[in-house]
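Remarks on the structure that follows.
Chain naming follows the written order as A, B and C, and within any one chain the residues start at number 1.
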Amino acid sequence: MKKIYIVSICLALLMSILAFSGCGFQDEEAEGDSVVYVYNWGDYIDPDTLEQFEEETGIHVVMDEFDTNESMYPLVAAGAVRYDVICPSDYMIQKMIKHDLLQPLDFSRLPNARQYVGQVFYKQSETFDPGNIYSVPYCWGTVGILYNRTMVDDPVDSWDILWNEKYKNEILMQDSPRDAYMVALKRLGYSLNTTNPDEMRQARDMLIAQKPLVQAYGIDDVKDKLVSGEAAMGVIFSGEALRMMLENEDLAYVVPKEGTNLWIDSWVIPKNAAHVENAHAFIDFMSRPDIALKNFEYLTYSTPNTAVPEMEEDEDYKDNPVVFPPPEVYEGQETYQDLGEDGDKMYNEGWIQVKVY
Amino acid sequence: MMRLWKKAYVALIFLFLYAPIGVLIAQSFNASRYRGHWTGFTLQWYGELFQNEGILEALQNTITIGLSSAAVATLLGLVTCLALRGMGRRRRSVLMGVANIPLLNADIVTGISLMLLFLGLGLRLGYGTILMAHIVFNLPYVILCLMPQMLSLDRNCYDAARDLGATPLMAFRRVVLPELRPSLLAGFMLAFTMSADDFIITHFTKGAGIDTLPTEIYAELKLGIHPEMYALSTLVFVFVLVFAFLLFWNRKRMQIGQSAR
Amino acid sequence: MIKSAAMRHLFALPFLLWAALFIFVPLVFVGWYGLTGGDGQWSLANVGVLLQWEYARALELSILLALVSTLVCLLVSYPLCLILTERQRSHGALIFLLFILPMWMNSLLSTMAWQTILEKNGILNQFLRLLSLPDVTLINTPAAIVIGMIYNFLPYMVLPLYVSLSKINKNVIFAARDLGASSWQTFTRVILPLSLPGAISGITMVFIPSLTTFFISGLLGGNKVLLIGNIVEQEFTMAYDWHLGSGLSLVLMIFIIINMMLTAYFDRSEGQVKK
């Protein structure tokens, strides 16, 4: 028995020595040129499309995943890993541009992105990427209310319903300062990018007033709780809404009339990328109609690719206003912008006050 | 009567510890990918699990990093505790306090500062940096498990062994180590557990193309946890349980064999 | 055991080197960010925020919940470990394994499983309805957070305590009994003092992580109660205010100092028992 202990300890030590010696010092990348390092949201791409990309181009894809924009940023800012392609959201792209972390794209190498990604989305992208220099939209969507029709008998078309006493303890909110404030600011008729202290104060008071009615401020669990009927309504990103509605037929999705956040996740190339050419090839490949269709069917997030709606044949998706919304839903909506350190601080302090009450 | 109460008490605690595992197992057979929404029995997730090389690779990384970081931390902890034992009370408690600091620092603070440290040292982030980071936060657990035993060690046994002609190393191996074995085991196991469960520190110290199970799981939060993770948890659980009982049963049989002789 | 001072220093060397690199450097990082403002000037503002009621209240609540869960863990573990030590010692490894095995399931997944159990229409309430008992409201309350903390940290109390208790020589206990001590007296006069170092380790390993956890309160408390761990996390991720987050971390260092003093104090009393 004792021998087993000794042998296992020796083995473990040997393993760690091997590991330590494996972590060499930072010089040139050992891998050749036919590789592309991609940093993406978890499970945010159809693995088949990656295989197809590798087959067609011979470029090997190394995919890393992050869970939030905020946990991605420090790694990229510190230059910890030199990624070639990243997929951040709107306001984060703006922040990365501000901090000089991105490089301009060469659109002459992106014919598919120029031809098939809708002009509407490029135009909307200008709010965070003026001149469309740094980013190519990959997915987009809205934020709205997903509610259970068997549990809600009032008409749902406004954020007001989230303040209705009748649904005390049946309401789910998103646990993020910007997303929570967005709901209150829109209900008040203000911009979701405001940093006006007076508007912020009104929104904060409104969120404090709502708190007794809220069942939980959730992350991923909002989805589970709505599908299982644990709560009657919740604030949800449109991308997940369709999948949830297929799972539970009582659920319905509404974009409130006061307006909402139109979010866009786009491909960008960081300044320190080592394989710029491959990065362009990757982005353009993902903008190709057949690939965009595959990714759309895998993700069910709305795609900015204009060719996809015509190619789609599945009854569940085709003509579904949740994934292919009519222009009036998204036109004129606002997109998050980077508010700078002071702005973030204001939202954060207000959110702490809401939570502590 | 007392025996029955005792049994009921232990059973109750085991129920508390294993109830969520039961839920996880049930979840792994649920056709719906949403929690708490039962739509039927399926084996689909198990099938998908074995086709998902990413998860299996992550499992392998989790286990090897866990075992080796726990082993190194246990060894380092043992040496440290031996040194601490000989020190004065004041110095000892100050050093213990220093050793406990990583326990208190929020994971994200440790993670970001270690990342900056590794980059400052010119290391490339990867398997090795994850391993080092894990040893950093494992060490306090090992020391906390070892120290009480180390302090209550009876020094006379060691001296007696030396008087009888044992070399220091032999006396240590034959007399001290057996006394410390349970606490070494406890420290090792807690260290492995911490390592296998860490997300944030790993996130900031890992390089490209390397994942552990927690980093895979957290990355899935945006689109919802994949039920394959439940299937994997179930398999790991069943495997360890079967292994434990085989070990236990084997030892019991050996004991019976010995007493028969 | 190690007689020469030179030898002792040699043994302490690896740790000291290690601590200088991996404990001290992060500490300098926290200290520097915590004691400077966004403009790079020295300031106490980040530590001083604790005077604001929001932060003070979050800290107060965190301490309260951590204390409660530590106490429950301690009270649950003592009888448990005493019962377990009555068994054969050779079962030790198996007992460890059975207690640690649930912890090898990812804590995020098992905490989500607790949601399924404690929810309004969760497993617990459905079970109660089956027995025609009234529902209990646990989810999104501080009680649920405490349950989550106990679940996640109980083994950190059980393991060191079990080791400590199993090391007590049975003859000492028998002797106390022979000399006419009652069970209670045996416990308070013999077992408790001898197992105290293990208990202190257990308390440290339960209290400190409970104090800084954030995902348990997020999932089981519905994020409706704000703990200090949530604030630190939020400052670092969402607000990107490393200064404030570090300042708060710095404040938490007080607990390390308290812990240090406590360890030193019991270190001495343990010596007295030996005599």
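Annotations
The rule we apply is simple: a contact is a pair of C-beta atoms (placed from the backbone, for glycine too) under 8 Å apart; a residue touches a chain by one contact, two chains touch by 3 or more.
Chain-to-protein mapping (UniProt): A = ABC transporter substrate-binding protein; B, C = ABC transporter permease.
As the structure is a prediction and not an experimental result, all values here were calculated from the model.
Common partners of chain A and chain B (ABC transporter permease), by the touch rule above, are C. Counting C-beta pairs in contact across B-C and across A-C shows that the higher total falls to B-C. Taking each chain's centre as the average of its CA atoms, chain A and chain B (ABC transporter permease) sit 33 Å apart. Each chain gets one centre point, the mean of its Cα atoms, and the points for chain B (ABC transporter permease) and chain C (ABC transporter permease) are 16 Å apart. Per-chain Cα centroids separate chain A from chain C (ABC transporter permease) by 35 Å. Multi-chain contact residues of chain A (touching two or more other chains) are listed as 68, 71, 219, 221, 224-225, 228-230. Contact with two or more other chains is made by residues 112, 115, 119, 121, 237 of chain C (ABC transporter permease). Across the assembly, chain B (ABC transporter permease) contributes residues 35-36, 112, 116, 132, 218, 225 that each touch 2 or more other chains. Within the complex formed with chain C (ABC transporter permease), the chain B (ABC transporter permease) residues making contact are 6, 9-10, 13-14, 16-21, 23-24, 27, 35-36, 76, 79-80, 82-87, 89-90, 92-106, 108-110, 112-114, 116-117, 132, 135-136, 139, 141, 144-145, 147-149, 151-153, 155, 158, 176, 179, 182-183, 185-186, 189-190, 193, 196-197, 199, 213-214, 217-218, 225, 229-230, 233, 236-237, 240-241, 244, 247-248, 251, 255. Of all the residues in chain A, the ones that touch chain C (ABC transporter permease) in their complex are 68, 70-71, 73, 175-178, 211, 214-219, 221, 224-225, 228-230, 341, 344-345, 347-348, 351-353, 355-356.
Listing the residues of chain A that touch chain B (ABC transporter permease) in their complex gives 8-9, 12-13, 15-16, 19-26, 37, 41-44, 62-68, 71, 74-75, 78-83, 219-221, 223-225, 227-230, 239-240, 243-244, 247-248, 299.
Those residues of chain C (ABC transporter permease) lying in contact with chain A across their complex are 38, 53-55, 57-58, 112, 115, 119-121, 139-140, 218-219, 222-226, 230-231, 234-235, 237-241. Contacts from chain C (ABC transporter permease) toward chain B (ABC transporter permease) in the complex involve residues 1-2, 8-9, 11-12, 14-15, 18-19, 21-23, 25-27, 29-30, 76, 79-80, 83-84, 90-94, 96-117, 119, 121-123, 151, 154-156, 159-160, 162-164, 166-167, 194, 197-198, 200-201, 204-205, 208-209, 211-212, 214, 229, 232-233, 236-237, 242, 245-246, 249, 252-253, 255-257, 259-261, 263-264, 267-268, 270.
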